Structures are given as structure tokens and as C-alpha cells.
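Handing you a structure now.
By letter and in written order, the chains are A, B, C, D, E and F; residue numbering begins at 1 in each of them.
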Amino acid sequence: MPIFKPIQESEAEGKVKEIYDEIKKVRKITAVPNFWKNIANDPKELERTWSSLNEIMKKGVLDPATKELIYVAVSITNGCEYCIKSHSLAAKKKGATEEMLKEMFSVVALANKNNKLVDSYQVEVDEIYK
Amino acid sequence: MPIFKPIQESEAEGKVKEIYDEIKKVRKITAVPNFWKNIANDPKELERTWSSLNEIMKKGVLDPATKELIYVAVSITNGCEYCIKSHSLAAKKKGATEEMLKEMFSVVALANKNNKLVDSYQVEVDEIYK
Amino acid sequence: MPIFKPIQESEAEGKVKEIYDEIKKVRKITAVPNFWKNIANDPKELERTWSSLNEIMKKGVLDPATKELIYVAVSITNGCEYCIKSHSLAAKKKGATEEMLKEMFSVVALANKNNKLVDSYQVEVDEIYK
Amino acid sequence: MPIFKPIQESEAEGKVKEIYDEIKKVRKITAVPNFWKNIANDPKELERTWSSLNEIMKKGVLDPATKELIYVAVSITNGCEYCIKSHSLAAKKKGATEEMLKEMFSVVALANKNNKLVDSYQVEVDEIYK
Amino acid sequence: MPIFKPIQESEAEGKVKEIYDEIKKVRKITAVPNFWKNIANDPKELERTWSSLNEIMKKGVLDPATKELIYVAVSITNGCEYCIKSHSLAAKKKGATEEMLKEMFSVVALANKNNKLVDSYQVEVDEIYK
Amino acid sequence: MPIFKPIQESEAEGKVKEIYDEIKKVRKITAVPNFWKNIANDPKELERTWSSLNEIMKKGVLDPATKELIYVAVSITNGCEYCIKSHSLAAKKKGATEEMLKEMFSVVALANKNNKLVDSYQVEVDEIYK
């Protein structure tokens, strides 16, 4: 059970309803996902989060699929099940193939391993990296 | 100070020397970075790490620059200074621009924030993500 | 399934029984929560944990509700479901309102985001903070 | 060395300069801290971060000092030196005493310990917490 | 639901089938655990992971049970349920007693707590530890 | 610089002085390490931490060197420099060899990698592990 009762679409009003409509339109989906229905308990956080997500995840010098892969890589490192599942799906919708996901998984595993080897041996930063 | 004395190039022998030479040749650098000189204290770990790094970070369905960006994204999430600095440089050498790095930074910050909103509200996984 | 069979109240003896009784009395609850029934497998850890919890979470210069909010903030950052759920409830019992919880959630999300921006850019500590 | 050259106050232009001025005015300080000078390399991230920080950290149902304590608690859990140092100072400026900081430290240590006991024993969530 | 459909034993071919057979033989088990059936979606990762696991977890100057205890300690710190459950069982099979597991749990809890006290107070490294 | 001025041995009084003397006696050292001088700012935390450290890290069914290796494994996973350096030294003093430390490093790196593969593929817990 979530900490707060999710705000259902039928209960949404004002700014929350507006954002719910936008989410469904932009994402081309027919139901608002739980993430948004939970944080709608705090309408300002909903607004901040939706607006920054749109701004950051849209096409830039990196394409949307690459951005989603990076998002999933972070979510794996943090062990966030909801985030891994929802953004893996988003990555695929935006053009990432299953092969891309699997290659990303191996990079994430390797980076986590090597990050810890650096901590184990207490490796000092080389002059050229400073 | 590192936990074990790094193995200098002049001290390297056998398999360690071979890998040092390969690192310099493949990377087109004239000095072996500290990471490798530290883990050379355990020649088998050196071999495993060098061989899996080569296998995983090479061009696949994802290009090498994208893989380095993902590597850095993980390293930021883990707070590993050495890894962030060395692999940001690697990303640039393999073609990532400064704009790409900055866009990746914003995705990493956003994902870390949203991962924690999911944990805060204890959002349940939607049926469509299962 | 937990790693070790929880020690039920009917099985508790000696020091474990004493602490179980104290937990119910201090907390004004009628059943011992799973956390305590699990760590009761190690009576010394049970004793240390119960005694330090009481000492640290009681009213000090910070009031008990604020301490619970801080406890939940840490638990969110670590992604510990049990801890988030049980201590959110504890926070409310000690006087934290739902609005307080939501404001805390936003601070936690923001701090996690900014912590990672600092790591991304490898920001150096200003002289005035040293 | 940071990843990108910090934008000095003398180099700031347009929106960046405006935010620098606002930071100094709101915070009543005479120099812009490194955090802002680093992320100014990405003016949109600077704007988003400054605007959400102001919105979230201002007085609400929680007072500003309590919010800073929560911010520091998260930063300790993530091991972010810059964040711990700068926001401990902010907490004190907003009225947190040294005793409050120390009590918060003990809560953070305790929560981190108990989070891991929950993971160790794989404690199941009690019905009453669901 | 996992991200990719696990590769069942009846579907395994070539290198994957070989490794499945080896896993069952070495571990003296009659069914391949889910971990391997999931990563078999990436046969090279399966091979790398199985080969490094065998190399690292076998008897060395540390005995296999101690290595499993260390593995579980890391998994608790990362909050990985699957890893905690499967490697606690492995530890027992290799000779770790329940008392050993419980003592390890207390060390893990203590280390997590003290790691955070170090971060809280920003303790400087003593000369003798450098 | 630490957050609070460390309490020097010459300034220590009452319970703090007593613990300082005990630390030096038990550890057979001539100077109190920074960790203790920092947390002495909170005499009750000093007392709790010293007493639980002694209780947990002493010989049990696990020997003191193994416990220190586990402590360091956790500290590497959390990236705590002070803790890695001071407890690696403690491990050696209690009989851990350099080979043992290196084997532990490889187990820690492997576990961190595999923990993330489990999260990547969202592996479900096998019935036999439940």
C-alpha cells in the first residue's frame, strides 16, 4: 500500500486534472500511471516533476532512447523496481532495442564492479584526470 | 595513499607486463593509469577486469561514447570521483561532446530524484509494467 | 520469508520476553512488530537496538516527530520499504501531519538530486565551507 | 578539478547573471558558491535547480532549519561532502543549534543501522503497516 | 515479472546449455536458479559471470563460507533481496552456521552506522592510516 | 575540516577521558584516532559506539580478522575512505594477510556487479530461496 491514497483521475481537479490530461496526450496512453497519481497528493511536486521530466527527457543532443537508457542505468544502481520497469518500457517505446538494453545492463554491472575496485584499492586520481 | 603499493611499469612482469603493454597500445597512451597499477597487485583481477572491460565497452549496438556516458552515470550515482573523472575523459575521447555530458548529468539528477519520490510515496507497480 | 523464523511472543523467554513487554508498554500496542520478532533471534542485538532506539528517538532538543521525519528521510534514501512504512506511521503517531511528510518527501527528492549534481560537476568545496 | 570550468561572476551574462544576483541577495552573501558556478555551465539546470530549491526549502509546515537538517541527513546517507558541509552551515544560519545537528547525526546513524538489520533478517511488513 | 523472459532449460542451446549443465553439476542441484535463466538472455554475460563467480568464490586463502558471508554482507548493504536469500543459503551449504550469519549481520549493521558517523562529523583521515 | 572541533586528549574529561584511556589500552596505541575525537562531541554517542564496537567486533564464532574483513567490505560498498583505511589496518593487526584482503576485494566487486545484474533483469526469487 502506498503512503497516501493515489488521486484517481475521477477525483482530479484544477492543475492536477490539467497535468493528467497532458500526460495522457503526450504519452499517448489512456490511463495515468501510478507514479503521477501518487505524487498528485502534492500538486506542486507533481507540477515540478512533470515539467522538469518533459524538459530533460525530450530530444536534445542526446536522443530520447539514449536518455531513457541512462535513466534506467541510474535506477538499476539505486535498485528502484518501479523506475526500472516503467523506464525500460519507455526506452523501448522510444526506439531502444532489447539488444541495447542488454548492452546497457552489462555496462551498469561493470561500472558498479569497477567503482568498488577503485574504493577497495583506494586508487589515487592520476594527474591527467585532474 | 592506496591500500597496496601500485605496481610500476618498471616492476611489471609476465602477464601484468603484457596487459600494461596492451592497455597503452589499445588506448594510445604512454603511461598506465593508476587504476590498473593498483589492481595489478592481484594479477587475476587485473586480467578479468581488463578483458571484460574490452569486451563490454567496445562498439556493439550501442556506440562506445554512449557506453561511456552510461558508465559515468553509474559512477555519479555511486559517487566515485576517480571513475567520474577518468570515464568523462574517455567519453570525450570517444566522441561525446560537452553538451552530451551536461544532458546526461541532468538525466542522472532527475532519475535520482524520481527514484526517491517513488520510494517516498511507496508507489505500486502498474499492471502494464508487470 | 525471513532468513530466520521470527520469535513469537508465546516463545519469548528471559531478556527477550522482558523487551517484548517493554515494547508493547512504551509503544502502547498489543502485538510486537515483526522487526523485533526477527532480531530477537540474536538477543544481544535486540537489546542493543531497543536500548539505543529509545535513547536516540526520545525528546531532546529535537522533538520526537522531527526525529521520525529524519529517520524516514534516511530510509527513503536507502530504499527500505519496511522502515519507510513503519516510521511514517510512527511519525504520524508522534504528531507529524501529512503535510509535513509531503514537505519532507520533497526535501529528500531535492537533496538526492543536488547531491548528484555535485558529483556530476565534481564541485570543489568553497573556502567558507571548510 | 571540476569537470567543467566554473562560470565566474565576471563572466556571467543574461539569465545566469540574474540568478547569481538573486542568490547573493536572497542568501545575503557577497560571493556565489561553487555549486552554482559549476551548474551555470548548463543555464537551464541552474534555473530549474535554483527555482525548485527556493520553492522547497522555504518555510512551510516545516520550518527552514528542520528542512536543512533533513537535507543534511540525506547528504550524509549519500556521503556527499560538499552537501554536508554547505547545508550544515545553512542549517545553523537558519537557527539549528549544534545540539540539533548532533541529535540528527545520531538519528541518521541509527536509521542506517536499522535499515540494514531489516535487510539482513528480511523482515516482512506487518499487516498494520500495509 | 522480469524484464526478459527467462531461458528455460528446455530451450537452452550451445554455450548456454553447457553452462546450465555445469551449474547443476558443480552445485549439485537439479534445477537452474532464476538468476542464470535471466542473464542467459545475454550468453556472453552468462559466460563471464559464471566463469568469474567460479574463479572468485572457490577456496583460496579465504574459505568458501567466509567468502559467501562477505558476499551477503555486500548484498545487505545494497538491499538486494534475491542476493541475500540465495547467498545466505549458499553460505550455509558451504559450512556457515546460523550463529555466523547473525554475527555477520551485527557487523554489517555496525559498519553501516559507523560509516555514517564518519560522514556526519566529516572525520579527517589520521596520519597513521594514510 | 570536520563539522565540530575534535575533542583533544588534553581536553577530555569524565566519561570521555575514561573511554579515551580504554581505547588506547585495548588497542595498544598511544594516540586516540580522529573518529573517536570527533564523536566525543556527543559523549553519549561516543559511549554507545565504543561499547557496541567492543561487543560486536570481539572474537565470537567468527574470528576478529574475519569480522574486520566484513566491516571493510561494507565500507567499500558505501565508499567510506576513513573506514576502509582504518579497518584494513585493523584487519591486518588482527591477522588478516594481504592475500586475504585482495580476495575480499574481488568478492566485494563481484557481489556489487551481480547485485546489479539481479536488479537489471528483475530476477524473481526462486521458490527454494523463499
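Just so we're on the same page, a residue touches a chain if its C-beta (ideal position, glycine included) is under 8 Å from a C-beta of that chain, and two chains touch if they have at least 3 such contacts.
Remember, it's a predicted structure, so these values are computed and weren't measured experimentally.
Novice: So which one's got more C-beta contacts, B-F or B-E?
Specialist: Output for the comparison: B-F.
Novice: Going through A-D, E-F or B-F one by one, find the pair whose contacts repeat those of C-E for over half of the pairs by residue number.
Specialist: Answer for the repeat of C-E: B-F.
Novice: Per the centroid of Cα atoms for each chain, what is the distance between chain A and chain E, given in Å?
Specialist: 27
Novice: Whole-Å distance, chain A centre to chain B centre, using C-alpha means?
Specialist: Spacing between the chain centres: roughly 21 Å.
Novice: Got the chain B residues that touch at least 2 other chains?
Specialist: 1, 3-4, 41, 44-45, 52, 77-81, 84-85, 105-106, 108-110, 112-115, 117, 119-122, 130
Novice: Taking the touch rule as given, give the residues of chain D at its contact with chain B in the complex, in rising order.
Specialist: 3-4, 41-42, 44-45, 78-80
Novice: Give the list of chain A residues in touch with chain B in this complex.
Specialist: Those in contact with chain B are residues 1-4, 33-35, 38-39, 41, 45, 49, 52-53, 56-57, 60-62, 66-67, 69-71, 73-75, 77-78, 80-83, 85-87, 89, 97, 99-100, 103-104, 106-108, 110-115, 117-126, 128-130.
Novice: Give the list of chain A residues in touch with chain E in this complex.
Specialist: Going through chain A, the ones touching chain E are 79, 84-85, 88, 98, 101-102, 105-106, 109.
Novice: Show which residues of chain A lie in contact with chain F when the two form their complex.
Specialist: Of all residues in chain A, those touching chain F are 76-77, 79, 81, 84-85, 105, 108-110, 112-117, 119-122.
Novice: Looking at the complex, which residues from chain F come into contact with chain C?
Specialist: Checking each residue of chain F against chain C gives 1, 44, 48, 52, 55, 130.
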